[in-house]
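Both of the next two complexes hold chain A, though its partner changes from chain B to chain C.
Right after this comes the complex of A and B.
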């Protein structure tokens, strides 16, 4: 046989799916260094990590669900974080169940259980994912207010200093590290391959003997695991229960996901992109806060998110040779 | 008694009104290459899908290695690997991931990534003769390599039964020879290989036994010694089929007619050979070919849907000389109407009423000042078409989906007729339509032709042309390879032309001479 070589480009670690997000991250870091050097002090960095970790974990929670395809965007992620937060405070802690094991087991178990329910509706009732998750968003937003009408409650003692942000190496950072390591281990399983192939071409995966329904359920369960971690970090950040703030994570996390190069159409992307996308979002907010927009700063931030998202998508299309990432 | 690794007995499977399999039986054993042969629509792909657990039979017995597979997962566990007609690859995933899809348990890998990448490189080198990076995304690779990935996936599964459904379509001759080497190697290792194909020449070389299907029924199973092109053709062709009555008078030949539409040096793909095409006034031209030989692209180029790679069809435009057809707007303006047989995709608007489905082609022609639609002439045209085509409808405001397939097709043909076209182009319009409606359709088209209209009619069922078409153009390798007229419009000569044989090989059996 001749040793002719068919020339191809690779993707994955040497590839481009999160290239735009990383490039943006570097640019924003430089701007931050000029406009707000406080970020690079111990205090600034510590504070930033506390604030950014829940968003990073929320974006990571969306990733496996988006990867498995069918245009699955989990709109319910924000209210789910809120739900885990208020149930933790109102059900567990109010009844003096405060051991770390119980708290962590609660957020993860309830997160996974909720996502399994959502996944089961998508798989077995065959409703479009976006309708299911939209319903989840609305239902959970209401339920959160029923459980806890206004912000109240407290966290266990061991958690009370999580939100203070005096050092860089806080338990919140540990939660993120645990999440990243768990994902890294997960990518080495066959299940991860099945998840990606199901997202890339469900018919092919099915015809080749992949149990696509189980894979879709599993993707949701993994999303639920990360939602639990996100809720844990979020509870640490606010040190109390809050029925409404969690809902804000939905739009931010989806923006971070798309910014990170993960395709909502499935099969393409990964957790690194989502994490870097979330970091970008934080840095945009930070940079804008160093300018004094006063009362309109909230609008300016949203405007900036929207603009950056569109520009990032366009550059992704040009850089990857005409393939849109958010189909 | 049927015995072997695969036993199929009296299998039936229908899709709506269409009977894909209607009493099919055969058996195949280990260490054998067994071919399933038949014309387009004879049910051979349906059979392959049932054997691989994708489809379930309505009735009948299927046993593969002693079990009836109920899902692709179960089939895979049993040791069945199928290479489907469509090239199923995930463009976003790597070559290695595509090759080993389905090879693992739900959670645990059955092998480490390192050895798999080496195995990937090795098998792709063996199959394609080219070095391919195991980590390259499949989307970058050419179609032929994707086809090899699908084949490689099946081989790597170490199957006991390997099913190939038209799997050499994207391969050139050299590649086909390599595929045959693989098939022989697997057979010698005791694998039962099932080849579903209509490529007769290829099959004669490789197969040990062949089962011939016709209209979903098993006609015969031939041993190796009897597998010749002549035998296969004769068995694939229906003998007892009712011939439609021939037109009483001999139709004038193409050269005597006024030319309405013609195309010269048309190329359907950049590499295909160019060809010419002429359509006369009042002429009915049938277009056919085996699946994917370019006839579909040709008819779409005629209707302005998708231009050919080079060359444009030209239509006679009265006093204005001639005009070329490069777009749907051109076709519409110049009086070319198109009817698709794929009603769901290209034909009906399932959410709209019967009236709207027929009338919407007329809206643009009946606009008053300010874009108002003049309803009166449209309602008149609708009623006229319903009567003329004897469409069985309830209230005109009922949804189109309340009609049977045949009546839906009539509405679409009514839409085409209502636009008063000069040329009507039909793409397999009789698909899934009952016999009575078919006859009415031929009758209407003949009337249309008698009134000076021209018809181009694509079908994959040869008997549709007999007694109906004035000429049949057969496509092969993305070009018009033969034109048949007069007595040549018959099962055997058309089938021979579809398979690329000289007409003299078969025509004489019927005692007719070649005009």
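Right after this comes the complex of A and C.
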């Protein structure tokens, strides 16, 4: 499949892959404006940004890995964010290493290193990606609790007001912008085309001279970079170390990814969709919270996520005219 | 699961019988080694009481993993199992509290599970390769819905108290008796179902069609096997077995709890792959999963016995999965797939 065909798919008559997510976003924004105008005040928006950025970045971290195909969904993303968080607090900060450079370098380097390890197992041991990431989920969930049995610790002074959410232009937003710019630059490279080609048809990519193994490792490294940014924003949000909460990001980030129109079959999708999908998820929670469901509110949210996930999957398939991924 | 991986399953089927026996033999070997290690490390490991509790826990996991095995043989996955277990576990006491006769309530819950499974099958077939996400979404919706239903008119969200019928408690509680013998009947039920299913998989049209479809969709369509019917049937069985596991867990614990299924979300997958069934479809079987279930349960008991907590047990499971799968189900390098 040539780059031209890929472009047609992306901008063709069938609409963009993220059309469903953007449509839902607009609808939810209108409903929020009616039901909970607080979101559109300075305070409301600032609070929303702080909460939503880690999820947006987590969904973005899944995107390159899903794009490269073979049904790779990185189930380990949640525990990985938790792992970066607890090691940051327990290893670095507890030993008085608090300079911004060291902290940022740590989360990104460890995130990339972990994803390269997962990628290497997938490429060289040749085990299905879903099994490798499932294993990663179980191992990291356990390791997090061994490193830090219960929530504790603190963040450096320069990070301590990240979670307060008093202004819109916070460092957390800056982290997101850096991530988006980095991705946009990345989409200009030949490597990005190779990644999409590998995801769309790995055999054809290999036959065309693409180093598919290198591409797969690269996709994981980029996912690791975003996982590092997500862990940074998450640490800012909770202002401490927490061994278990990070794991919750796995299911919500996968939901956001699928909502955003990225196919886990590979080759179709992108980071804009994942980001909008994550915003949708936040808005669903927000809109539902403005109704008074009492003790069942958590369950209503769960019901809504599940339904939206299935409906989004169906409509993405039908509206974009894309065929269901053949096995 | 994807186009690139199909030849792996095909190659596997060529040496199928040999490899299948090998995976069963390895599994049994691992099981015996674990039993010896357990007996050496943990006091009273081979005492009747401990064996009984291990078999009871294995029966729950085995029944929950039955559907997962069949789905894996198609090349799909069913992540809704954990949520259907939770939903059945809270809906059953709610129905009994509402005045439904317990037997009827169990039947209603079981049918509900099968219907949810059929929906899973229909959607997963239409969205080939996305079964993981579809079943996760359906699972979320089902458990959310069940929790809303059971919370109406109650002040305990997510937990349902009620009187569990005596026959159900006896069925699955550790001190239950079978025909006067001192072990819970669920172990016998699991044994009978396992034997029956293994027979069905080897001897019946349904079982052979499942392997045919898992190995090659083209070959299956040439044999006039209806893919849609098989997907719906397999996922319906998975939903049914998940609901039944949820019902039995109520007998075990005595109270409905929505999150009771959570440990089964990934453990059912682990039992399937550790047993030696490939997630790519067409290769493996329920006999392998039974061994995988026993291996996981014995290993858990050892880990608990030497004082590891739940988190550390999960980590050990995780570390086990990749090497075990590497033994059974490696895909060939890309240069071999052109």
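Everything that follows uses one rule, which is that the second predicted complex is superposed on the first by the 308 of 327 C-alpha atoms of A that agree within 3 Å, B and C clash if a C-alpha of one lies under 4 Å from a C-alpha of the other, contacts with A are read in each partner's own complex, and residues count from 1 in each chain.
One rule holds in what follows: a contact is a pair of C-beta atoms (placed from the backbone, for glycine too) under 8 Å apart; a residue touches a chain by one contact, two chains touch by 3 or more.
Because the structure is a prediction, the values reported are computed rather than measured.
A.B. asks: Return first, second, both or neither, reflecting whether A:261 touches chain B, chain C, both chains, or no partner chain.
C.D. replies: neither
A.B. asks: Counting only touches as set out at the top, which of chain B and chain C does A:214 meet: first, second, both, neither?
C.D. replies: Only chain B is touched by A:214; chain C is not.
A.B. asks: In the overlay, answer first, second, both or neither for which of chain B and chain C A:224 touches.
C.D. replies: Once the two structures are laid over each other on A, A:224 reaches no partner at all.
A.B. asks: For A:277, select first, second, both or neither according to whether it touches chain B, chain C, the two together, or no partner.
C.D. replies: neither
A.B. asks: Comparing chain B against chain C, which has contacts with more of the residues in chain A?
C.D. replies: C
A.B. asks: After the superposition on A, what does A:179 contact: first (chain B), second (chain C), both or neither?
C.D. replies: After superposition on chain A, A:179 lies in contact with neither partner.
A.B. asks: Name the contact category of A:206: first (chain B only), second (chain C only), both, or neither.
C.D. replies: Both chain B and chain C are touched by A:206.
A.B. asks: For A:196 in the superposed arrangement: first (chain B), second (chain C), both or neither?
C.D. replies: A:196: touches chain B, not chain C.
A.B. asks: Quick check on the output: what are the common chain A residues between the chain B footprint and the chain C footprint?
C.D. replies: 201, 203, 206-207, 263
A.B. asks: In the complex of these two chains, what residues of chain A are touching chain B?
C.D. replies: Listed in rising order, the residues are 1-6, 8-12, 188-191, 193-194, 196-197, 199-201, 203-211, 214-215, 218, 263, 267-268, 323.
A.B. asks: Spell out the residues on chain A that touch chain C in their complex, using ranges where they run on.
C.D. replies: Residues in contact with chain C: 69-71, 73, 121, 125-128, 130-132, 134-146, 201-203, 206-207, 212-213, 251, 254-255, 258, 263-266, 295-296, 298-310, 313-314, 317, 324-327.
A.B. asks: Could you pull out which chain B residues touch chain A in their complex?
C.D. replies: 52, 54, 72-73, 75-77, 82, 84, 88-94, 97-98, 100-102, 104-110, 125-126, 128-133, 135-137, 139-141, 145, 153
A.B. asks: Under the touch definition given earlier, write down the residues of chain C that touch chain A in their complex.
C.D. replies: Interface residues on the chain C side: 1-6, 75, 77, 123, 126-130, 132-134, 136-145, 147-148, 151-152, 155, 157-158, 217, 266, 269-270, 273, 279-281, 309, 311-319, 321-322, 325-326, 329-335, 337-338.
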